[in-house]
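See the structures that follow.
Across the two complexes that follow, subunit A remains constant while its partner is subunit B and subsequently subunit C.
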Partner chain A sequence: MENKIITKYWNKIDPLNIQDYIKVGGYDALKKFIRDMDARTALEEIKKSGLCGRGGAGFPTGQKMEMVAEKTEKKYFICNLDESEPGTYKDSSIVDNNPHMLLEGIIVSALIVGAGKAFIYLNGHYEKQKEILAHALEQAREKEFLGKGIIGSCYDLDIEIFQGAGAYVCGEETALINSMEGNRGEPKLRPPYPTDSGLCGKPTCVNNAETIASVPWIIVNGGEAYSKIGASCSPGTKLYILGGAVKKPGVVEAPTGTTIHKLIHEFGGGISCGKELWFAQIGGASGRLITENELDTPLTFSRDCPVPLGSGAVLIVDKSVNIYDLILSWTGFFRRESCGKCVPCREGTFRLHEIAGRLKDGEISERDKEALEDILWTLNNTTFCPLGKFAATAMSDAVEKLGILGD
Partner chain B sequence: MEIKINNKKYKVEEGETVLDVCRREDIRIPTLCSFEGLPREAVCRLCLVEINLTDKLVTSCTLKVCEKLEVTTESEKIEKARRINLELLWADHAGKCATCKKNRMCELQSLAEEYKIENFHFVPRKDEMTVREELALVKENWSRVVVENENLCISRNSEFCVECRRCINICTEKKFSFNHRAGDVVVGTPYDQKLECSFCGECVRACPVAALTDQNNFGKIIQDLDDLKKIAVAIVDAGMEEKILEQLAKIGNKDKIDGLFAKLGFEKVIVLSEKDLRDEMIENFKADFARKEKINFNDIAVFFISSEIKLKAKKDKGLDYVLSEREVARLARDKISQKVKSKS
Partner chain C sequence: MSTVEKILLEFEPETRNLLPVLKRISAAFGYVSQKDAQKAAKYFDLPLSRVYETVSFYDLINIKKQPELTIEVCSGTNCAVNGSFEIIREIENLFHVKAGDENNPRIKLEIISCLGQCGEGPVVVVNGKVYTKVTVSGVHGILKEWV
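And now, the complex of A and B:
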């Protein structure tokens, strides 16, 4: 039972009806927070839980919240629901299946950091999710879980939905803030970090939707219980998005530290009939490639983990796939989604895509191979934000592990 | 506070960046996006250095000095990073220098020379390209280039742009911004409108390449200067001497200001501040001069040498041409080096 936190009530309750959620213990965390806890004790629980950012970076959530909670000025809380990694739809699934769990998480988290205003930064393509969230917000307001004096307490909070324009780079928190301020969606220089000077120069806590959705459970069941689930370096459960050549693709919830092998065979029902596994890509288009002999690697957010979990997308690629098409689609994605701010990423992703096109046509020259090596290196080492590094990951692995250059 | 740069100790003030210290101490760090007084954007990724606090390369232009900091400004890794990034920028420029307005006065060009960027990895030679690729390339490039010559003061050609953001940051009227994304980025006006501003010329001064240049009809200027029948008069604005010498230094010209204008083909030089320039003044001067020298009024060409390039649009003052310090240097580049060549 403990292995399901976020997906526990999926397909069991009506996501559009707040009453259904309340019946299964929804908003208990908020009530507990208001009646039995204060911001400090709740923050202690989050810190004890070891919860870390589910967007991919894996930064300890409690630490981030504390940095904002310490500040005395006006503060903001932002739920990052930009989710534009290819093959990733976990956050939108949370909204589709249990939007109130996310709202409860946002309310509690915002109260913990002491923000009077919270935003949901929604991907520009998520029209349906916007409607669901707007509906859920309305219901929550009616029940006085939002607004002035939340269920009779002295806490005030309002949540607003902010819809972006669907840029990948806006998932990066400083770019997200830029976008909300009406600027061009591109990362800002750090420091100052958003926890010091974020939205409109105020301390801002930006958390991924999945991270936030785990908060109510931690408040109700305690940080210690959460810290016992999954891998000790980054405890808890994680939503994995299985895709490609598996029998049962879709979003599954499993503890962190689950091996890819287990994900494929236990949760995904095995490799599709008649297909033969070639490699798996973990974490979307920016993810690493894992070949057959590495499938037993446990996936965690730890820096020591050889395979970064990233967004949690697990793409199973079988041997019938044309790798050159796949590479062209990766490089094409980053060639479109680079913000164009710094030289290596703007020019590098453009040239990488150009070379991937020639690779597909079988016209790659020696000069291209040299250039490819240089571009991958510069993307990895010199870009302004991590997007450049992401753009190089899969291609580097394809060169190294799959030998796509034919050497 | 003291920090170590390349194993040597330097005294530094708190709040300074490593680049500031290196500039002061004459330690060479190449930059393209940083410019006097403008906010540091750290987008060109050329000023990367290695430090003892992290394995990653960091941009020296934004790195604040701190206790126990040890900086390395030259290493194989740094060299590689600079070379590749320059090469990527250079790919769009390769082969265009000879005909470029900014030839020998271009920051990218001198950086490419400094780092010996010779390999054109990224621009496939024509004969190696398939028709489809060529079409794709033309299409890609097509969307990226904005050329505007409609106004009389500033000429824009995004073909040469290196997206350094200097013009964006220096413009007090916020006329420039990034349009589009990724490889399609064009530094342009909002909604690609025609550039309309007070034409202070700051963006032209800041532009490291030939993306923003002074608008003029250079062919006609040279023709007028070389025409034996025509008398070219240079009216030099106050404070121009220093600016011109600075520009001349870029092309390695060591001429003194006095002899320079004669060499360029000007028959007469007058120093007059723009403030003192009255509407009728030039006309009266021309008439006087024509009577005195017994020449045709229309054979006098008056050049106003000034940084105020907005005057280019004002024809009512009787000025035939307005030349900025950059254009004087360009004249010197074209005319003086030509003469040297024809002598030998």
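And now, the complex of A and C:
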């Protein structure tokens, strides 16, 4: 059973040399697409594969592509490489280790949806990755995998790198588009969805980099083969980022539906020496907390899954960690990154951070405890975009599962 | 030495270039002054308020002149469990500053969000130079280079 798709050639090929990637079968998906398939049949394969968005939301990729592919006007394709969830560096690892796999995915995906222009929205801090990608684009152009008449066909495509300037909320697709248009990176009201009216009002398909990097494998091996990997509700492999008190932290690839226990012990080499597991946080700062007796939960993107997989970050927190510092980390992050567009999030994240500060200083009052409940409910239910909801998740779990407020 | 005019002329005056231009100006001069913002507004044919809308939103663009020493400490979850808050307290005591205080003309200590280098945390950035795997005792040596 093939369990490695994205990481298969990591540390085996030179990421800066396109020849290395071609030697191991790189750009075969593009050749196959151009010679044996058309946009419609390729889209069928993607739909059959059951591939869903790896950024965290888990929206079916095939469905999203179809919505844009149906349109006849000018279209855009955007690779979302904004990745700023704390503890998440999977997309940058893809670029560091095998940038051409991502490029091939972008080219094939853009041709499937019928876009003539694709963008890579890169995190503002990723200077090294920008260089790697620019270099890779140059090589791909030389080989005629990009530009006018891709490998002798009638397809044209150009890819441009657009670098953000450090804003977490720009990972949300409407905010990302706003940012690319030179506006504040605030989310827009949906509908209209970007698939109808996105960049410059044109239909736009925005996909996470990890999702896109899976596309070449699906084209070469077929959608059905992909759908047999991992959990049936959201098949495929996923990059998990192990961090905290594990022996071997880093990015690992495993099928979806893997349990947290297995990730820690099989992939992470177990808990670090002398440390004792307290809880795990799945999906970065916006992720849920998992205590010891829930470690056997399989992680999937399904809505029925009690633990949303999110970005795939798995943080192992041991008992020596100061929980109040961690709470300050969560609340401080969302207070800084709240864009300020809607009141519940702007005020809620601010007050939450204040309360976290008082909690740390041991000065929390009864009034704070009452207010905390209201703030968490408001964040969870009334904010404009999911950022506010995320801000409440970890804190709610800390109150419920860890009993940080005392009795 | 590049001037604002030179930077502006590298880009077409289309609004999609506004963010890259402002980022470049901020990187080149440390911040986007009101004068520079006015020049950008004129070049892009936008109201000044519209330029400020964008300029004030992003972390990587400053609108104030930066102090000689800016220390940024990542407080993302991975860095936090590895002790970034202890490092912040150490720096606060060392320089008698408070994290997030914008009024000190000499030193700015800032808590920042994830830089995507979580495998090598805690991460400390001093005047743009990134240090990884920083410890409470190690931070003294790092800061000595700059003071």
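Note that the second predicted complex is superposed on the first by the 406 of 407 C-alpha atoms of A that agree within 3 Å, B and C clash if a C-alpha of one lies under 4 Å from a C-alpha of the other, contacts with A are read in each partner's own complex, and residues count from 1 in each chain.
What we mean here is this: contacts are C-beta pairs under 8 Å (C-beta built on N, C-alpha and C of every residue); 3 or more make two chains touch, one makes a residue touch a chain.
Bear in mind that the values here come from a model prediction, so they are computed numbers and not experimental data.
Asks: Go through the superposed model and pick first if A:A167 touches only subunit B, second if only subunit C, both, or neither.
Replies: A:A167 sits against subunit B and subunit C alike.
Asks: Which partner does A:T88 contact after superposing on A: first (subunit B), second (subunit C), both, neither?
Replies: Only subunit C is touched by A:T88; subunit B is not.
Asks: Considering only touches as defined above, state whether A:R336 meets subunit B (first), subunit C (second), both or neither.
Replies: both
Asks: So, does A:Y126 touch the first partner subunit B, the second partner subunit C, both, or neither?
Replies: The answer is second: A:Y126 touches subunit C but not subunit B.
Asks: Looking at the overlay, does A:G284 come into contact with subunit B only (first), subunit C only (second), both, or neither?
Replies: second
Asks: Is A:K74 in contact with subunit B, with subunit C, with both, or with neither (first, second, both, neither)?
Replies: neither
Asks: Quick one: name whichever of subunit B and subunit C touches more residues of subunit A.
Replies: So, of the two partners, C touches more residues of subunit A.
Asks: A:K48 in the overlay: touching subunit B, subunit C, both, or neither? Say first, second, both or neither.
Replies: In the superposition, A:K48 touches no partner, neither subunit B nor subunit C.
Asks: Once the structures are superposed on A, label A:R184 by its partner contacts, choosing first (subunit B), second (subunit C), both or neither.
Replies: Both partners, subunit B and subunit C.
Asks: Quick check on the superposed pair: does A:K117 touch subunit B, subunit C, both, or neither? Answer first, second, both or neither.
Replies: The answer is neither, since A:K117 touches no partner chain.
Asks: Would you please give the residues of subunit A that touch subunit B in one complex and also touch subunit C in the other complex?
Replies: Common interface on subunit A, subunit B vs subunit C: 167, 184, 186, 336-337, 339.
Asks: Taking the touch rule as given, give the residues of subunit A at its contact with subunit C in the complex, in rising order.
Replies: Result: residues 83-89, 92, 123-126, 162-168, 179-186, 241, 243-245, 249-250, 281, 284-285, 313, 315, 317, 321-322, 325-326, 328-330, 332-333, 336-337, 339 of subunit A touch subunit C.
Asks: Please output the residues of subunit B touching subunit A within their complex, sorted ascending.
Replies: 40-46, 48, 56-57, 62, 77, 80-81, 84-85, 87-89, 91-92, 121-122, 128, 130, 133, 136, 140, 162-163, 177-178, 180-185
Asks: What residues of subunit A sit close enough to touch subunit B in their complex?
Replies: It is residues 167, 184, 186, 189, 334-344, 346-351, 353-354, 357-358, 361, 363, 365, 367-368, 370-371, 374-375, 377-378, 381-384 of subunit A that touch subunit B.
Asks: For subunit C, which residues count as touching subunit A in their complex?
Replies: Residue positions touching the partner: 15-20, 22-23, 53-54, 57-61, 75-81, 84-86, 111-119.
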